[in-house]
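You will see two complexes here that share chain A, one where it goes with chain B and one where it goes with chain C.
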Partner chain A sequence: MAETGRLTAPAAAGGWAALPLSRRVLLLRVFIIAGLVVIWEAVAASGLLFRDVVPSLVTVGQALVNILTVADYKANIFGTEIMIPEFFRHLWVTAYEVLTAMLIGGLAGLTVGLALGSNPFLSGAFERFLYYLGPTPKIIFFPLMIMWFGVGPGSKIAMGTLSCFFPVVLSAAAGVRQIDKVLIRVGRSFRVNTWQMVTKIYLPAMREPIVNGVRLGLGVAVIGTLLAETKLSNQGLGYLIINAYTIFEMPRMYALLILLFGVSIAANALVGRASRAK
Partner chain B sequence: MGGTMPSNPSVGSDSAGAATQPLLVVDDIYKQFETAEGPVVAVDHVSFDVAPGEFLSVIGPSGCGKSTLFNIMGGLLDGYDGHIKVAGETLRGPHASVGMIFQEESTFPWRTVVDNVAFPLEIAGMAKAERLDRARHFVELVGLDGFERRYPSELSGGMRQRVSMARTLASEPKILLMDEPFAALDEQTRLLLGDKVLQIQQDLKQTTLLITHNLTEAVQLSDRILVMTYRPGRMKRMVEIKLPRPRSSEIVGSDAFGHYVAQIWNDLREEASKGLKDDEARRGGTRR
Partner chain C sequence: MAAQSHGGNRFIWQQAVPVLFGIACLFAVVVLLEILIRFGFINRFIVPTPLDIVGSFGRIIVDEHVGSRFLLTFGEALGATALLTVFGISFGVLLHRVRLIRLATETWIAAVASAPLVLMYPLFLVIFGRSALTIIMMGFVSALPPVILKTLEGLSSTRPVLINVGRSFKLTPSQLYWKILFPAALPTIFVGVRLGMIFALINIVGVEFLINFGGLGQLVNELSERYDLPGTYAAICFVILVSVVFFIVTERIEKWLRPGA
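Here is the complex of A and B:
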């Protein structure tokens, strides 16, 4: 009796169970966020921790507004000098570093991946090394990168490049191997040259693994770059955050973390949208 | 005309005194593969030729080296003895005059029907407007007009195989090679597509070589049928099909058709049962 009652949800009972699943999920999410806010504020007001380790969300909000609105940096954009919040300069530096790293590391990964995937000799010789190096934390190479590329954006780009190369190369190599062999035979029967084989058959056939590799690559490139910025630099978002921490401006640090979170979500959404486009 | 060809071509038939120069000459092809259990002879000294406009089928049981022969004639496989001549030229790699239609699903899933068909023209460097125009013509030829902008995933298996056919025809090959193009399709679709092939072949006077293990299909379409032996793949018999043209799938019910099918099956049965026995023996061997 009880079982049958559970199987057919009692619509007449109303309340929680009568709501559609999506609404229940939404309500739960709102509840979780509201709960976290309440707990956070309670801890902040209690004075149990050192001042500002858990600042009130009101001060964090104020810091956030300050970061985004107080124009305290003289920027030179296409020859015209205007005042902008300094945050955007640092955002630009990090974006520039990550995008350059993606470009270099992504193209290198794609090229090497294509070579490894289509040549059993090369993959036999080199792929094992890549598998072992892939999961190694790339930050251990940072001292080396500073010596080679200096303390400026060069070493950050190098760290990002190094990070994103591995996921791209491994998914590209695997992507080549999963191409339907008959498509390659079709290409050969129509006498395509190597360039046409790559651009008109390999790359379109590998779309999915490439997008996945780029997605993973973007994630680790951001990590590599930010990590490098927090270690040794005087610009970029990583520097801003670690600087706020060093001078113990906790509300500002939390505000920066929230902003960084937003930027990451936006970047991921962009890649996701690009991967769905036909 | 295929009818003037000798029905039992001898080895090295270059000197055959036919009035028309053969379009495809297969001269004493021998191919063996190295396997874990030692070398296996796939094709054992096979020779024949195909006249312009002729439709020739190669029939044999699984394991008779048909597909090996197909890949050799298409220039996709080397390391064989003997040689292949296409329109008088000795074959070295894929040849512009040879068009191949594969047994497997081979449309490009990321291209629409018309872009699939335009592929060989794109490779040849034809301007976009012109190649799309030509591609549309071939899409129409295989009866897929209205589906130009669809993707292969939106089509049935039979339709996709027709896209492959249109794509190969668009490259305007002098000789069309088909490797069991309808093997994955059901019998009705197969017969109806056979009609399509007959009609196209009659419209274009397309010289065609069909690899198949399907008797009905072979008799329905061919001027001549080469029956192959089971491993090693040798020539067993060349049968001339003197059914009137133009044909359609209706002839499948005629007495003459049944006569040819029975005759070829007689040859084929022996080879097919060898293959079956061999297969069973191998399975038994691994069990012990």
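Here is the complex of A and C:
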């Protein structure tokens, strides 16, 4: 018996150590997730918090399935009326607002960034204002956006635009300054015009900083748009979340937050992958 | 000497002219706005004149108790920063010490950093109620990932020669941490704490505005709901001023900690 014990203990210890690193990482991840699920369910069952504040994960899962499968909205897609889950209508509204904001804010940021980065005088005159305005909390401008653009999607697009403009402009300006001077001299020696300089030299040479700026801009545009929707709106994912809170449908709120985080992380990863693609 | 002085003057001139031009342009925009609003080209019920905004500064400072509101927001930011520093750095150190945990969770933390965590504020409202604790916890949670990741980066990028020197002196693991790794990583850790502080301040003012509770964020919300336009604009200017000063002060501290950066 003693012999058996002596042989088993090192074998068990060596068992974990002998596993490949990737397998151990995977197992640890499974343990962490399982641990979190157990803690969550224990808190849900304990009654330590008010009832329904921490609902069972089964209820959250059911809410998630309901949100994605219950077709309760009649949508007109290319002239055909079909029933879809209402979540997708709100997702479309938010996506439209964020993409429009990215288009306006991104293009404006890129143009201003190119001008500042390629002209030291303009950079010295205006870049410090943008640099210091960048980290201010943009949501405080929302009352002004409502006054200027109304309570509809316009004010949410404006919030997203304002949020994403700053990271894009600062990244673009820094990107222009880090371009190899040889490339610029080659362009000048070929007597290319300004448009050709921008499209043939600047933009290809500063792809990485631009994508990084867009990535940062996308993150803050999503936050700006969604926060504006939670404050004053009747459509969009932000509205859905604050509405679930208002009527105290906690499983639905958790499910919506999970979906929102999933979509945001996927969008960010997609832009990140685009930056690494050759 | 004369040539050096001439070069110095030219350097100051090259630096000063763009700055003065920028300030002059800003001033010109303000004057142009004043004229356009006064002559009715811009509706004064949507954009008040800059002079009205300047005039309402005194009113919001005295009547709206900007000083105490500022202290409240500052206190919340300080509370969030204290939590960030303790938990963010501790978790970063843990990830550095235990490679397996790092490999298992680093990508998760990076993914969480890209998620709009501030949207969890309704959840925090349910758990902590409509109180300063909700605002502090929101600031803390949304600013935690950069502190963890920067702590990890700082500890991982310590020069191997420094660690080898420590080992040659037969330092214990604890001594190696406190005498070599931590001091070497401190500048990068501070970058993370600074980023965290900025994120926390942004989220704290944002949540104050959204839940209409607390300091400066609530002030903007209240004034806009009262349709006090000059007051709203003045309060926004005040929040911008506070965040710019906060940003400059933390930037100076960072430069002091990282003189070569």
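Brief remarks follow.
Criterion: the second predicted complex is superposed on the first by the 265 of 278 C-alpha atoms of A that agree within 3 Å, B and C clash if a C-alpha of one lies under 4 Å from a C-alpha of the other, contacts with A are read in each partner's own complex, and residues count from 1 in each chain.
We take it that contacts are C-beta pairs under 8 Å (C-beta built on N, C-alpha and C of every residue); 3 or more make two chains touch, one makes a residue touch a chain.
What you see is a predicted model; the values in this text were computed from it and never measured.
In the superposition on chain A, A:L183 makes contact with chain B only, not with chain C.
Of the two partner chains, chain C is the only one that A:V25 touches; chain B does not reach it.
In the superposition on chain A, A:G150 makes contact with neither chain B nor chain C. Within the superposed three-chain model, A:R207 lies in touch with chain B and out of touch with chain C [touch as defined at top].
Comparing chain B with chain C, more residues of chain A are touched by C.
Legend: residue contacts after superposition of the two complexes on their common chain; A:S264 is shown touching chain C, with no touch to chain B.
Look at A:G35: by the touch rule set out above, it reaches neither chain B nor chain C.
By the document's definition of touching, of the two partners only chain C reaches A:L49; chain B does not.
In the superposed model, A:V192 makes contact with chain B only, not with chain C.
Only residues 21, 24-25, 28-29, 32, 49-50, 53, 120-126, 128-129, 132-133, 135-137, 139-144, 147-148, 219, 222-223, 226-227, 230-231, 238, 241-242, 244-245, 248, 250, 253-254, 257, 260-261, 264-265, 268-269 of chain A touch chain C when the two sit together in their complex. Against chain A, the residues of chain C that register as touching in their complex are 15, 17-19, 21-22, 25-26, 46-47, 100-101, 103-105, 111, 114-116, 118-123, 125-127, 198, 201-203, 205-206, 209-210, 217, 220-221, 224, 229, 232-233, 235-236, 239-240, 243-244, 247-248. Residues 74-76, 93-94, 96, 98-100, 102, 104-106, 108, 110-111, 119-120, 122-123, 171 of chain B are the ones that touch chain A when the two sit in their complex. Taken together, the chain A residues at the contact with chain B in this complex read 180, 182-183, 185-186, 188-192, 196, 200-201, 204-205, 207.
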